[in-house]
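Each remark here refers to the structure printed beneath this line.
Chains: A, B, C, D, E and F, in written order; residue numbering restarts at 1 for each.
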Amino acid sequence: MTTPPVPPLYHLFYVPLIRHALEEDLGRAGDLTTDAVVPADALAHARLVARGPGRIAGLEVALAAFRLLDTHLHIQVEHGDGADVAAGTTLAVIDGAARPILTAERTALNILGRLSGIATATAAIVGTLSDLKTEIVCTRKTTPGLRALEKYAVRIGGGSNHRFGLDDAVLIKDNHLVVAGGLRPAVERARARIGHMVKIEVEVDTLEQLAEALTLPVDAVLLDNMSPETLRKAVAMVGGRLLTEASGGITPETVRAVAEAGVDMISLGWLTHTVKNFDVALDFQSA
Amino acid sequence: MTTPPVPPLYHLFYVPLIRHALEEDLGRAGDLTTDAVVPADALAHARLVARGPGRIAGLEVALAAFRLLDTHLHIQVEHGDGADVAAGTTLAVIDGAARPILTAERTALNILGRLSGIATATAAIVGTLSDLKTEIVCTRKTTPGLRALEKYAVRIGGGSNHRFGLDDAVLIKDNHLVVAGGLRPAVERARARIGHMVKIEVEVDTLEQLAEALTLPVDAVLLDNMSPETLRKAVAMVGGRLLTEASGGITPETVRAVAEAGVDMISLGWLTHTVKNFDVALDFQSA
Amino acid sequence: MTTPPVPPLYHLFYVPLIRHALEEDLGRAGDLTTDAVVPADALAHARLVARGPGRIAGLEVALAAFRLLDTHLHIQVEHGDGADVAAGTTLAVIDGAARPILTAERTALNILGRLSGIATATAAIVGTLSDLKTEIVCTRKTTPGLRALEKYAVRIGGGSNHRFGLDDAVLIKDNHLVVAGGLRPAVERARARIGHMVKIEVEVDTLEQLAEALTLPVDAVLLDNMSPETLRKAVAMVGGRLLTEASGGITPETVRAVAEAGVDMISLGWLTHTVKNFDVALDFQSA
Amino acid sequence: MTTPPVPPLYHLFYVPLIRHALEEDLGRAGDLTTDAVVPADALAHARLVARGPGRIAGLEVALAAFRLLDTHLHIQVEHGDGADVAAGTTLAVIDGAARPILTAERTALNILGRLSGIATATAAIVGTLSDLKTEIVCTRKTTPGLRALEKYAVRIGGGSNHRFGLDDAVLIKDNHLVVAGGLRPAVERARARIGHMVKIEVEVDTLEQLAEALTLPVDAVLLDNMSPETLRKAVAMVGGRLLTEASGGITPETVRAVAEAGVDMISLGWLTHTVKNFDVALDFQSA
Amino acid sequence: MTTPPVPPLYHLFYVPLIRHALEEDLGRAGDLTTDAVVPADALAHARLVARGPGRIAGLEVALAAFRLLDTHLHIQVEHGDGADVAAGTTLAVIDGAARPILTAERTALNILGRLSGIATATAAIVGTLSDLKTEIVCTRKTTPGLRALEKYAVRIGGGSNHRFGLDDAVLIKDNHLVVAGGLRPAVERARARIGHMVKIEVEVDTLEQLAEALTLPVDAVLLDNMSPETLRKAVAMVGGRLLTEASGGITPETVRAVAEAGVDMISLGWLTHTVKNFDVALDFQSA
Amino acid sequence: MTTPPVPPLYHLFYVPLIRHALEEDLGRAGDLTTDAVVPADALAHARLVARGPGRIAGLEVALAAFRLLDTHLHIQVEHGDGADVAAGTTLAVIDGAARPILTAERTALNILGRLSGIATATAAIVGTLSDLKTEIVCTRKTTPGLRALEKYAVRIGGGSNHRFGLDDAVLIKDNHLVVAGGLRPAVERARARIGHMVKIEVEVDTLEQLAEALTLPVDAVLLDNMSPETLRKAVAMVGGRLLTEASGGITPETVRAVAEAGVDMISLGWLTHTVKNFDVALDFQSA
């Protein structure tokens, strides 16, 4: 079984990111311990093993840490991105020189643990809504430098992505309205200045604001901090003319009620800003 | 009150990091919403406000996001790094052009939420050991690209730092021993190859291994996954000749018992790998 | 009159780009001629002067070349981005040390000539459609490294922007259909995988294809290489339900007829891929 | 037929440039359309085809866009740099995974269209002087970031290169004279400060200035904005002792008369600042 | 015989450094001479030959210059890092295209000459102390950008490394004491703020200072500018409780006497700040 | 007295180089010692003092290390680049916060010591030829990353610069002739391919080769490893028609005899490849 193909962005974006992470860990002098303690010709057989159950994300990205240090390692993926695994499952097997395997271990585990943690949490919440049409989406509350990867992990978890940044959609929030003089002038200014291929969403806090939004050329409304009951009314008012998004303080406990209100999307900042690390380890044997 | 001085690394390291985070958020086309909706000459008065209680870390780093977009903003720090604040506390006040404040908001909050989250969790655990000499230390289980900042947040939380990377101390772990042929040859190889100014620590899993380690020229022992009872015996065996570090599966519930066993350090991976975001918001008014 | 404010992206993106352009011109040894021939304390009074009529774009970006070499130059903008100027108009006046003015001259003129050339050509074509609702949009046929600036110049010229890149909207073209098995499966795959905030456009070459597209959940249709007559029929078929874009071989001579067919957008690759440089010069006097 | 060898600078300079162009097009999220619409295992057979007649330049550089995304593509060059092709000529054939071919298409065409446009225009003008010794040279009026490539395209077109930047030759222009106190002091300052291996050229606007230049230790004279008649007198005055260069407002219509005046070089800014894109397309079939 | 394995940092750190050195030498236009004079298909057989006796260091790093320009060169290492060679010894044989060999020559020789110069000087001084336990260590007086490589060359020469930078150990020098209020408060501040795994060294200029240092929790003392006689007393006072380092004005003539005083380390700034280049040449034949 | 103006390249090139050097020294965690031991509000008065006699070069570049860490330091230059100073001379006085002064010290001294060492050695050799027209020139045997600075130091020392890299002049050496089929075809190929503004030099080892070179269109001859007597004959043969350069094994002892042979240039690799560090120190007082 050969290493599966990696996506186009792999070499362009993710490999540089992992290279930077390795440089951060190796500093100026490299892996003092391994270089001193492990003979250059020592061989090893290592397994990346899940320590708990979860959804895997970022395995190929993590494996780049090993590949960057030694292009001759033999790496076989057993359960890659998107797999739901039980504790004890072997994700990949690595054979070759012992030194690069040991040196790359922590860098690989750090990225794999974080991304699989996001995918696992996303999959859990998405699973509770499997009979509904509502999608779970992530926000821009991501780790500096890791946004594209964290949004990828959300997709692997079955979630969907909201904006990747400030430049790919318009979202007019309450703070914008403070200085824009109200919803209508804000939307009109946006419509006049923004390209045809960009969607416009506005945040509304009340049903009155929603009523006004429905008279404006917007594509979506963010219904902020509304109760399920209010959301239900809002969805009825919208009547399918716009996309509806619920946001604000939604937890695993309340998400089902929010979804049942009929919104198209529920956005959850905690999917990416409060990540429980997925526990993965490197089981290592002399070979 | 003027902006307080920032550390030497601020301009060298942290500003580039924040610049990169802004670039990640702004993409090719910048903040479509703000540029379209907010007049160029609109002024604002904004406050960074804590939404919960905690220990602040990274405020100056976060403020760099605003400063990078507009050097003319007036920024006044009210409660900076190290402050313990209640919910509702204003951390900083920002006055000036509305556009850069809105554009930088999310980037600033992302870094401030993460670092203050680490400091808050660290302060909580350190607080439970205030009558003991044991120090809480973090590990290399950090976010790619953010290690130095996350370790700084741990220090702000009252914790201490273990290795910054693979190159500033030797830590001989179980996987190294697998290919090094045992504790003694591993330590001897390390001692022969490593500079005088570098400390050597070895991981031991049993008291037998500890007994062997005590015959070797090491500076510290990592006592891995030992019960408080075993740790107490280990500390007694060491008798102050070496530094002792407890590690492995230690939780807020068990940390006090581990510390009472008398170890010098307790290392906790979750301080940095499983961070609860600290909730901060930007309260924004037209000015 | 002071230097006007510059946009947020100025320091983040455009200054590095100009820095890179200066480095490209200065090489390893710098401006041999100026450093040898011009005394360090020589002062100059210089004017950036339009040599022909046109729409100015990129003046602040071009001025960064001077500012990067000498922060003490006094620069006064007379006619900035968006101004329509006659030949002989002074755009900016620069006073200060002679050396940096001479060294930055070519770098500044290269960027200003290119961006103003794009704005001028765009303004000319947009002017011919001023009584119609059709917008002129640019494409991804831009110069490597200059896309955001060239799209900015199109906006300054009164045009609008289509996609900034492959990641901010979906455009299913004929080549995609070759491997996707037809329009319907292509659109369905896209709809299933793409976030809610991203628009989907499909290219159609015939009215039959258009009829099929109208049954699918798309936001826009690109009507490729159609005659004005066919476009008129297409616009009638769409009936305002989708955005319509005409594309393919449209010239200044044919653009009016295409617009009169009633499409929402006309995309023109030549706005950015075949630029007539706008002639600007630096008039230089000893001071 | 195998891919021909690429020049030494290919990997050092041109590949990073193309990588940057891909990053500019791919943004944070990559090619949304292709990744959604085209199956990962779809194969394609694609041909880069000239849509008009011209001189090819930059084919290998353009092909780097494909190679960077997929090292397994099979690429066969049919007509590479320097070839004069008719409309419809296949330049290269690409076989392999459909996704990377589609994703790299625009980036590759943008660079190939620009460089072949320069080569084609240069070849046309050079062709009109084939019986004369005068060389066509380009200037520093190039696109920021692309100077070396654009100068390469000029060479492929049969032209020659003037200075690559401010650091590889001295060119004393009118603006320098304004602050240097005249031709003689300027040249003397230059000669005293510049290394032996660097040539010195001075710009002269009149035959009187030329007479003075002929008394000074310079290697070349730039005869600015002179009529063919005046140029003829200038060439006679120089008598082969210096290189002569004609510059300023020379068009395809006037270039032959200028060349017949006997100058060694004619420099044309428009070769690189006003480029007509060469039309190339990717013909794409499922395979 | 195949090319020996290269260290983990090779691809991460040293290849980028050599790439940068090549870029510095190639400028914008590349190797004008070779590209013009040498046919693209010319083959060569070249040998890197030592012109004097010495200890080789940096051979693999130097060879990266060739490999970066042409991955098809066949390179065979005869005497690699650590070898003691006589004048005339062939270090490596390179076969393949003539152009990349000629273009990379100077870049490769510059780095190999410098690093082997450091190794040779280190080996000479270390050789004079072979019967003593004292180690020769280098300092932070290194060339900007080359610190890790120069410290590597010292190790290849048989020396040891002191701090790699300001961040991997504490060294309290006289200038620190000026503002810290004396040795005791300085050490106490350091001990309170620095992680457990970091060693602390203090500089002392007199035996009185040494006596105070011996009462403080430090790991090492730097005995600055002391005579061998004073050093002997200092070593006796320390009695093995701390590491001892002699520093300050020690030359090849005095180093033996200093070592015989019994110190653990002698630090020599001139190992890296005043390097005699090791003479290596490329013997080149047509093939 | 204010800080004197710095050259245009200062901010573009030298500041990034010093920033990189600081990063190399500061690592991930910064200056552990200073940050721990020196209070944040401690002030200092420091002087950069020459410890020996010599010619200063690189002072402004070195001072960038201090400025990068603290823009509020007050720095007064007493003896800048080009000054000949005696031991004990104060070069610059720095007042302000103690921490940044201590942290930048070593980085500043490393660059100042190296560049002043080059200038001092160059000035010494140039001084011995003050009554002759021969110029001392440096080579491409420079430190990776520092070429432009080292060539600048040579100029400050009164020397002149040969090529800055492989791209700014043609130098046909013996190895090129091996594969080019002799001097004439090599020169003819070069002349045909190289721009008019680039000089061509050929290396000759014998007077016979020189005779051939004199029949070819070259600008300079490198007379390699010839005795003063042979050089004298060579200079006579050339008769001022070409530039003459002596090279190969020339030492301070032999340089006068070589110069008296009448060559235009003498190139010395050791000016930059074997540098004796100039001793500078930071005298530091509490303020």
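Operating definition for what follows: a residue touches a chain if its C-beta (ideal position, glycine included) is under 8 Å from a C-beta of that chain, and two chains touch if they have at least 3 such contacts.
Please read these numbers as outputs of a predicted model, since none were measured by experiment.
Touching chain B and chain D at once are the following chains: A, C, E, F. Chain pairs C-E and C-D differ in how many C-beta pairs are in contact, and the one with more is C-D. Across the assembly, the mean Cα position most removed from that of chain F is the one of A.
Of all residue numbers that take part in the contact between chain D and chain E, under half occur on both sides, making this a different-residue interface. Averaging Cα atoms per chain gives one point for each, and the point farthest from that of chain B is the centre of D.
In terms of their C-alpha centroids, the spacing between chain A and chain C amounts to 33 Å. With centres set at the average Cα position, the gap from chain A to chain F is 51 Å. Between the Cα centres of chain A and chain D there is a gap of 44 Å.
Residue positions of chain A with contacts to 2 or more other chains are 24, 26-31, 35, 103, 147, 161, 164-165, 167-169, 198. Arrangement of the chains shown, judged by which pairs touch: all-to-all, with no pair of chains left without contact. Chain D meets chain C in the complex at residues 17-18, 20-21, 24-39, 42, 44, 98, 102-103, 105-107, 109-111, 113-114, 117, 140-147, 164-173, 175-176, 178-180, 186, 189-190, 192-194, 198, 269-270, 273-277, 282, 284-286. Interface residues of chain E, counted against chain D in their complex, comprise 19, 22-23, 26-31, 35, 40, 68-70, 97, 99-100, 103. Taken together, the chain F residues at the contact with chain D in this complex read 135, 137, 160-164, 167-169, 195-199, 201, 219-220, 243, 245, 264-265.
Chain F contributes residues 5, 7-9, 11-13, 147-148, 151, 161, 164-165, 168 to its touches with chain C in the complex.
For chain F in complex with chain A, the touching residues are 24, 27-28.
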